[in-house]
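Below you will find the structure I want to go over with you.
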Amino acid sequence: MAERLPVAVLGANGRMGSEAVKAVESAPDMELVAALGRNDALEAIVDAGARYVVDLTVPDATERNVRFAVEHGIHAVVGTTGWTGERLDVLRTLLAEHPGVGVLIAPNFALGSVLATAFAAKASRYFESVEIVELHHPDKVDAPSGTAVRTAQLIAANRTEVGLGGSPDATEKQLEGARGADVDGVRVHAVRLRGLVAHQEVLLGGPGEQLTIRHDSFDRASFMPGVLLGVRAVAEHPGLTVGLDGYLDLGL
Amino acid sequence: MAERLPVAVLGANGRMGSEAVKAVESAPDMELVAALGRNDALEAIVDAGARYVVDLTVPDATERNVRFAVEHGIHAVVGTTGWTGERLDVLRTLLAEHPGVGVLIAPNFALGSVLATAFAAKASRYFESVEIVELHHPDKVDAPSGTAVRTAQLIAANRTEVGLGGSPDATEKQLEGARGADVDGVRVHAVRLRGLVAHQEVLLGGPGEQLTIRHDSFDRASFMPGVLLGVRAVAEHPGLTVGLDGYLDLGL
Amino acid sequence: MAERLPVAVLGANGRMGSEAVKAVESAPDMELVAALGRNDALEAIVDAGARYVVDLTVPDATERNVRFAVEHGIHAVVGTTGWTGERLDVLRTLLAEHPGVGVLIAPNFALGSVLATAFAAKASRYFESVEIVELHHPDKVDAPSGTAVRTAQLIAANRTEVGLGGSPDATEKQLEGARGADVDGVRVHAVRLRGLVAHQEVLLGGPGEQLTIRHDSFDRASFMPGVLLGVRAVAEHPGLTVGLDGYLDLGL
Amino acid sequence: MAERLPVAVLGANGRMGSEAVKAVESAPDMELVAALGRNDALEAIVDAGARYVVDLTVPDATERNVRFAVEHGIHAVVGTTGWTGERLDVLRTLLAEHPGVGVLIAPNFALGSVLATAFAAKASRYFESVEIVELHHPDKVDAPSGTAVRTAQLIAANRTEVGLGGSPDATEKQLEGARGADVDGVRVHAVRLRGLVAHQEVLLGGPGEQLTIRHDSFDRASFMPGVLLGVRAVAEHPGLTVGLDGYLDLGL
């Protein structure tokens, strides 16, 4: 019988961290060997024999946590934000001194969202028109969502690569804002509606046909399959990987 | 056996008119007794024994056509635009002198669209949030569509009536246009996509639930069931009716 | 200033009941005067001065609870199942002896769901084709859902009333089950998908157009606006009302 | 300036063929050098200097047409059905004798449909649940559609490959047909609705999230961008390619 992967969760009392604790405990091929909160000493993960850490802490703590893991030969799966280009460079240098150790840093662990973005970007190379509609709860303060902006940028880059420009649009007369925001030439519309969580639709159109790729995120639980997939794959991806799509067999 | 309704179509060579000719010919309870083009004399409809006219001509001709029909005791179903408030008043006066004659003037004969608007307006009285997304082919010159603007106005009026204001929205930071156009406090988003025809979605949200009412118009043929329904019902509605919803048993 | 409505919740420790307790407490025009669990004596609601009870208990208890309320002149809003035709008849007789007392018994308090069903039934009178797709989490044991069956029956009754039969269907060769279940001549398809809660789509089609009415229930919270609406309106509806649509200004 | 590709269309008077004639004529990088009907002699395409043929004929004629093209060093893009495994083997042998000649045989030239199927198959490796809903006009005689069956089979093969079985389903009590048809363990539901053309939705669900990939085919015109893409790429793909996805840069 295969041995179970020894996993430690950092930030175990946070909203995401506590979900991760439950997810690791429920995974038949993993063993939760440590669950650390804000004030616990990192040494505990070594003492517990962890070979993997899941870091779901805060921007101020994550860099120190990951450095500690790498220096102790422990693979890291990181969902915390705050990783600037500079921080990533420092980490790459450190990983070069620790070959064999893998680190995955991902802004989004929802498999469906990662796949939806990858598919939309690829498909946008083949369609005359593309627009994005994102829909969220009305307490969100920014519009459009970060995910929608990144999706639009990726789509724009793909279209430029194949020589496609913006989508056709004969609008001459519009009420201000009707045609949405312009992100690198891609129109993005943001709906805010009580009852919703986080949803995104990429609409692609050509003569006589439409392709729609929609992702609905109903619950924080949606991140956990991606976190577990990260833990299972991180040892086979030494060095730094940014974005869960790097682990998916997308070939995109 | 019931006699078939004798119907004349005006504007029979236009895009809508030629569809109407086909629709009337296919209707088992109707008989097409005349089909007039731009230069044909109106007297032909009297000679042909028409009891109903379907007017699908142009703004310049429609008023004269309808006046002629009413003066000859012929019921009229009118899809032509250009009926200002003043013109409608003149027509009402004329109809008062011809009791028993019915005229239906409708900007939209697609049953689904008429129902969708009526349902959305009614439902908006019961939901915290409501927004509209309309989607059309990219050759359309105005945004949002006239139907979307009318729907938003009707929704706003319904919400005011029950003391509901705008939908909640915590947006503090937005890319210009992301949150759509503001029509009487209702957000309206206009998507333009190759391959589409004319589509509209009204999204209503409350705690833990969403109601979506969507209409898709794929083809001009969608107007014909409404035109036929108009012909069948116009004699039972003497005087002027504006809007097909006046003939639908909506009770709304 | 208007006095707040004194409300008691029965079944206050259950899943629905505890949501109701929170909802009543949050409503600015209501006061929670009692919250009773399984073993609490009903007399407490009289002592507390309740003028309204919300019953979210179990089939075995609800009849006794409602009888007690009516006999003490207290209006009742009931979400508990188990009300057979016989039980309803007994209740009607009791209410006849207590004019002025109102009771609302509703199988479904989600406003969106009630509206969606009413709209779909009405719209089905005007379309050639109609089918239902319901989508739920994969732990549900029955297919299709009770709501989908009731919607299909209501649609079938409406179509019969206007002389419309089943929807057109040229299928000659099918894999068993592909065309869904047949409920009074209406096709119903049941999707089961991890991540979903409770969703239903009624699709209506005519020449060149489609009307779609969709309801998404994400959370038990979706029932509470309907419960509060029931409390606010029950006193104005003496006698027995079955179904929340009886309180909605639908005119359908 | 680049020379235009000399293209011949076979089956030019058929429904698909006449669309192809228009599409080739409109393509700025192509020249229509011949358009043959049922009784025209194939030699005309050689005389006209065609380097590419588009075959949109009938199962009885297509094999002879393609053989003729290959033997004359002309690349072929084929949308005609009827290519059995045996016929394909014969063609492969012929192509081995004519290195440098390319043939593309595709059952479906709608880019959106090809992409949707590829994406759905790939995504199904990462989700607990997957089901298919296909929707067509009510004059269709088979249910589910061939595309839906192929999509389900491809999904099943992908899931088997990664050790995923069927989707979870606790259904104990069902009305016959409610849960759809079973195609290799994937549930497929077929909706038939007046007004529709050809539509397909693949629904994928995991804890707290849903991914939906939908394709709408409104018009035969949707096949033409794929046909043109085939013509442009066939010379770079010597030998036989089955399925347009072989030409798309999907890396899937």
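Order as written gives the chain letters A, B, C and D; numbering starts at 1 within each chain.
As a convention for this text, a contact is a pair of C-beta atoms (placed from the backbone, for glycine too) under 8 Å apart; a residue touches a chain by one contact, two chains touch by 3 or more.
No experiment lies behind these values; they were computed from the predicted model shown.
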*Name the chain pair with more contacting C-beta pairs, choosing from B-C and C-D.*
C-D
*Please flag the chain sitting at the greatest distance from chain A, going by CA centroids.*
B
_chain A and chain C, separation of their C-alpha mean positions in angstrom_ = 39
_Approximate Å spacing (C-alpha centroids) for the pair chain B, chain C_ = 33
*Go ahead and note the Å separation of the Cα centroids belonging to chain C and chain D.*
46
*List, in ascending order, every residue of chain B touching at least 2 other chains.*
127, 195-196, 204, 206-210, 216, 218-219, 222
*Spell out the residues on chain B that touch chain C in their complex, using ranges where they run on.*
110-113, 115-116, 119, 122-123, 125-127, 204, 206-225, 229, 248-252
*Sort out for me which residues of chain A touch chain C in the complex.*
195, 197, 216, 218-219, 222
_Which stretch or stretches of chain B touch chain A in the complex?_
127-131, 133, 135, 138-144, 149, 167-183, 187-196, 203-210
